[in-house]
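Next, two complexes with subunit A in common: one pairs it with subunit B, the other with subunit C.
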Partner chain A sequence: MIDIIINEWTKFLRNSVFVYLNVFFIFSLIFVVYLGILQNNSQETNRKIVEDEVREQWDNLEPMNPHSAAHYGSYAFKPMNLLNGLDGGVNDITGNVIKLEGHVQNEILFSEASQSLSISKFGKLKSSILLQIIIPLIIIFLGYSSIINDKKTGVLKLLVVEGLMLRKIIFGKSLSIWLYGLLLLFLTIIIQIFSTSSFESLNRLILIIISYSLYYYILAGLALYFSSIFKNNTTSLSIVMCLWIVWTIFIPKLWGNTVEKVYPLPSRQVFKDNMKEERSKGIDGHNPYDKRRDILKEKFLNQYNVDSLSQLPLNFDGIVMQADEEYGNQIWDKYFGKNYHILEKQKKLFQISGIVNPFSSLQSLSMGFAGTDMMHHLDFLKSAEDYRRYFIKELNDQHAYGGSKTGDWKWTVDSLYFRSVKKYDYKSAKIFDKINYYSIDIICLLLWFVAVNSLIFFINRKKNIL
Partner chain B sequence: MLSEFDHFKRSPFKIFSLLLYTIAIIYGCQNGYTLYKKHNLEISNIKTKISDSQSKMMKTFDDIESGSIEKPRRDPTTPYWAVRNTSTYSFKYPSKLMVFSIGQAEQYGYYKYITNWSTVFDEDLAHEIANPERLAIGTIDYNFIFLYLTPILLIILLFNIGGLEKDLKFENLILLNNISKNWWIFSRFSFYYVLNSILIICCLLFYVFRLEFDEANFNYFLNLFFIICIYLLCWFAIFYTINIFGNGSLDQSIKMVSIWLIFCIVIPGSIHQASSIKYPTNYMLDYLNVSREKSNEIFSLSSDSLNKKLMNSYKFLKSSTHAKDSIVSKSIINRSVSAIINDLNKNVNYQIESKNEKKNKFINSFNIFNPVTFCQNKINKIAETDYYSYKKYRFQIQSKIDDQINMILLDTWNKIKINKIKYLQYIDELK
Partner chain C sequence: MIKLNEITKSFDDFKAVNNLSLKIKKGEIYGLLGPNGAGKSTTINILLGFLRPESGSAKINDICTSTQFDKTRKITGYISENVSLYPYLTGLENLDYFCKINGQKTKKLNLESILIKSGLQESAHNIKIENYSKGMRQKVGIAIALAKNASVYLLDEPASGLDPLASNDLSSLLKKISKEGSTILMASHDIFRIRETCDRIGILKNGQLVNEMKTSEVSTKEIEKIYIDYMQK
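Entry: the complex of A and B
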């Protein structure tokens, strides 16, 4: 087997055009990886500047009523994962900023895609494009004619006569092409490692290596398989190229659209109207004539055994605001929860296409392990909402229990208090906490790996092949 | 050309590919058609809601006038709340040509509720709720099929023209018949050019008739078809050159695929990446500052200062009833503050649009090397689904915000009481 691999590599290296093209490609690859890191770092720097400025404004707020401060609000800026430079995933499409304020749960805004003309339908030229589209094509070009040429020159017969098993030859050649893909993959990852120091990123990179290795093996094996069963190069190349086009371009888009039709999401208008209607059934913090407010008032008066709000040792307005928030949170959990559930179902259905398309599994794993897929995005949104709840509760509690009396809207807190409110600090989810979301993709890739090996292993029509 | 038809007939692989391509075109157009219908349906639903809300408001006016109800907390007889209750929306009506290009339509909102506090970057102007992974992978629309998959179909149809003869080593035999090689390949290519153009026009015309295009839309459609013909011609020219100098089917197919990769993936991807490095994602700090920090500063100003600011910015207020009063009314000023914030927002919008314009200029400066993106944006423009169509929509929104503010200012400062007739007048003016 090792002899076959060495022999194949010697053949590759003897071809000067191949060597020159590779040198050029490797330099391009290094450059692309570097640009990915550069873009990521520049965006992250930009984000930090904006985040710091916004926090500074909060820290230096003029004395203000806590409820006014809740309206003043805060912002959560979506951080760029270190591996965003490797695979941008959904980051260009989703927004980057959420306003966190009282009474309302805002949506994430200002996506990069909405800030300019449309450019590339396949995304930025990041490592992921090279790893998912270009390197597989090179693997196909290296593999489609490998056995056919040996058949034409009689080398294959000679090898079989010498006692080598046909399947061993095909495995050996597949491995040699796979190793070439692996070499380029490692090169990419090594450069990426230089910009990464965290243990979590290393874990993710290892998983990325495994996923891509499996996909490259599947492609190399299939190219070699078709090369062994077809008699001419044109047919072999046509079939593998067709597969590549269908896998890379057609199925992901086609299935992506289908999935949204199978599990439809509500329109924004319907979604907002339903939420608004349900929200209107709760306490309205700003409506003094609200009946539910009266019920809460009675409850507090009884609890403290007093006759009027002015006798309460707390500010009842803060209590009402928090009750309004808590009711709103339940509505948010219900409606956004439903949407997230639909999105998760869509994701699962999309992942199932991995049974016929290993590229879909690879794409999903690549985004997932890079921390830039939908699941990670939803994780960020949930964390931002959790922080909003903490932030508003802090302010409402201060309003209620900080020492003011009901109706005293002129009561203020100073910047010392504002500084004591914790800063929003999002840490991307750990990959092993999320790994179950990717189990379908992993299983599909493994199934393809087994299927390709079986195809090669059970090649027994030696006469036809030779 | 006719003999090429015989070649084509005998190649099931080519026929199958062409069939698949036809299905893809229809699927792409159907996706556009579905989105077009969905947008129209959503707009029509909102219009029903607006109409219901306005009828309810008119009943409230009747009830107030007849004395059967007390004035609500948000009193609609004041200009401020009357304008707020007009249920004003701004819509971006989809063009019928959206069927051929969804473009950037899924990245923006197409309806917006307008109040005097609205801005063109509000969260209700975000795109429809959608799966972000699906958006990132992209939708198959006709524009995508045409720009990215047509070259692949052409590779399948053309890769062995002149190459097969070289593979089988009887190319010289053909040339012995006094045929010019260039003319021979050109004739064969012409067959596929005509075939492709006819196929595309037939598929597209089906949707033109289905949607009953008027003259203006039909003229846009002719522009689109012109782009299609030129784009096809460019790819045929490239592949023709490859086949003239090719060394057989394999050599030609590999070169063709490489050219496709360069023009469809590598160049657009590189420009995308370069534009992101040069112009990183805008976190809209200026806008955030206005909606928070600067608004807060305005709110903390005294009524006298705000009164001065308003009269300086809106000269027509100087002749209003309130301007002639010796005492500044706090409630009138409070209801007018949105005008000052709107001015700040307009300045910020201008800066943000200028930044985006710089990025667009940068992208467009590569058009000569990046014909695919160039054509993509041209088609999006025809279908009114490009960045600039949505920029125009943002201007339309801003103009409606300005109209509302002017109405509020004028009638609040002139202390006008609103009745049903005046309310109907508001609705009419804000349509």
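Entry: the complex of A and C
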């Protein structure tokens, strides 16, 4: 096998056109990856600067009522994972900043797509495009004619007479082309490794390498398989290209639409309207004539055995605000939870397309392992919402139990208190804690790997040599 | 030893080989003479194990070529009409590669001596095959077959593209190999070369063996006459 690989590589390296094209391609690849890292680092630096500025503003707030501070709010910034440069996933369209304030769960803002100039939006070359589109195309072009050419020149017949099994030749050639794909993959990944120091990122990079390696092997194996069963280069290329186009363009689009039909998400407007309607059934923290407020008031008066709010050893307004908040949280959990489950179902159904389309599995794994897919995004949203709840509850509790009396909206806290409120610190989920989300993709890619090997292993040697 | 027993092979409605029986003894050179489409290459492909006959059996050293292909190919050397090889490798590298895949670890010196034995000048050993003439490529093909030390050689138009001197050298080489005990089947339509090289000749027409003769008993002119008579029938 090693002799076949060495021979194939000799063929590659003694072809000056191939060598020059590759030098150009490799430099382009390194350049794109390096630019991606620079851009990523720059975004991350900016994020940190803005995040620190926002926190500094919070720490130095002029004395104000805690509830006013809850309306002033804060921001949760989604950290730019280093691997974002490798595969941006959904980050480009989902945004990266959420305003956190009382009474309301805001939407995430400032997606890259909405921020960029149109020329950058459409002309941006990401590493994932090179890894998912360009390298597979090169693999196809290297493989589709490899066996047919040997068949035409009679070399294949001689190789078999001299002792090689047809399947061994196909495996050897597949591995040679696969190694070429791996070389390009490693070049991309190594540059990332140089700029990463976290163990988690290394774990993710290893998983990314394994996923792409499997996909490249599947493609190389199939290209070589078709090259061995057809007698004509045009037929072989047409079949492999058709397969590639169906995998890369048609199935993701068609299956994506089907998934959305099977598990539809409510529109943004319906989602908002439903939330608003349900929320109106709770306590209105700012409406002193609200009936539900009266019930809560009675409860507290009885609990403290007093006749009026002014006799309570706390500020009832803070209690009402928090009750309003907790009711809102339940509604949010209900509707966001529903959406979360729909998104989970959508993801699972989409992952099943990996049975017929290994590209879907690769894409899902690439985004997932880079930490830029919808699951990771939802994890950030959940973490931001959890922090918002802590943040608002902290302020409401201060309003209620900090020493003011009901109705005293002029009571203030100073920056000493604001500084005691914990900072939002999001740590992206560890990949091995989330790996079960990707089990379908992993299984599909492995099934494809086995299927391609089986196709090659059981090839009819006699029928396909002459 | 090569033994074909009533083999028949068709491609759709066309019978390429029709009830062909043939026995070539150890150390014998047998020439299969016939026009294009007579069934020479099909017969060789059956012996190489690439084609399975519909009926009859093909054996090399009493091993069936259809069912025990892996065994027969180890003892069979093959030279085709157009030896293309790998154009980006030199003659020496090509021979080295084919020896390696055959499980032989032959030293460079031995490889060079095999190439010289096959008639390829030393100055050409380290030139890429893409710069070789057809005759030079043919010599490397012969070297590959020789390096295998096979007991049976199947040659499909081996002298095609060789100049007269190289063809003559090939004949001498094949005679030498057969004297060492190898069995050789050579398919060709070059009457002169077959007469010069082989011990026996069989004329193949429409997949059938229509005549057999010993070369020691007939002249080239006589073979030519017999051949033309058969082809015109």
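Operating definition for what follows: the second predicted complex is superposed on the first by the 453 of 466 C-alpha atoms of A that agree within 3 Å, B and C clash if a C-alpha of one lies under 4 Å from a C-alpha of the other, contacts with A are read in each partner's own complex, and residues count from 1 in each chain.
Here, contacts are C-beta pairs under 8 Å (C-beta built on N, C-alpha and C of every residue); 3 or more make two chains touch, one makes a residue touch a chain.
Keep in mind that this is a model prediction, so the values were computed, not measured.
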Touching partner for A:V50 - first (subunit B), second (subunit C), both, neither: first
Touched partner set for A:V160, first subunit B, second subunit C, both or neither: second
Touching partner for A:L137 - first (subunit B), second (subunit C), both, neither: first
Contacts of A:G95 with subunit B and subunit C, given as first, second, both or neither: first
Touched partner set for A:E278, first subunit B, second subunit C, both or neither: neither
Partner chain(s) touched by A:D408 [first = subunit B, second = subunit C, both, neither]: neither
Subunit B versus subunit C as contact partner of A:E344, first or second or both or neither: neither
Touching residues (chain side subunit A, partner subunit B) in the complex: 32, 35-36, 38-39, 42-43, 46-47, 50, 53-54, 57, 62, 72-73, 75, 77, 89-90, 92-97, 99, 106-126, 129, 133-134, 137, 141, 145, 233-234, 237-238, 241, 245, 249-250, 252-254, 256-257, 259-260, 265-269, 271-273, 287, 289, 339, 343, 346-347, 350, 363-364, 367, 373-374, 377
Residues of subunit A touching subunit C in the complex: 3-4, 7, 10-11, 14-15, 153-155, 157-164, 462, 465-466
Sites on subunit C touched by subunit A in the complex: 45, 48-52, 69, 73-74, 76-78, 80, 82-86, 88-89, 93, 97-98, 100-103, 141, 144, 148
Contact footprint of subunit A on subunit B as seen in their complex: 13, 24, 27, 31, 42, 45-46, 49, 73, 103-104, 107-109, 111, 121, 123-124, 126-140, 144, 147-149, 152, 156, 160, 167, 249-250, 253-254, 257, 261, 264-266, 268-277, 279-285, 288-289, 291-293, 296, 300, 356, 359-360, 363-364, 373, 376-377, 380, 386-388, 390
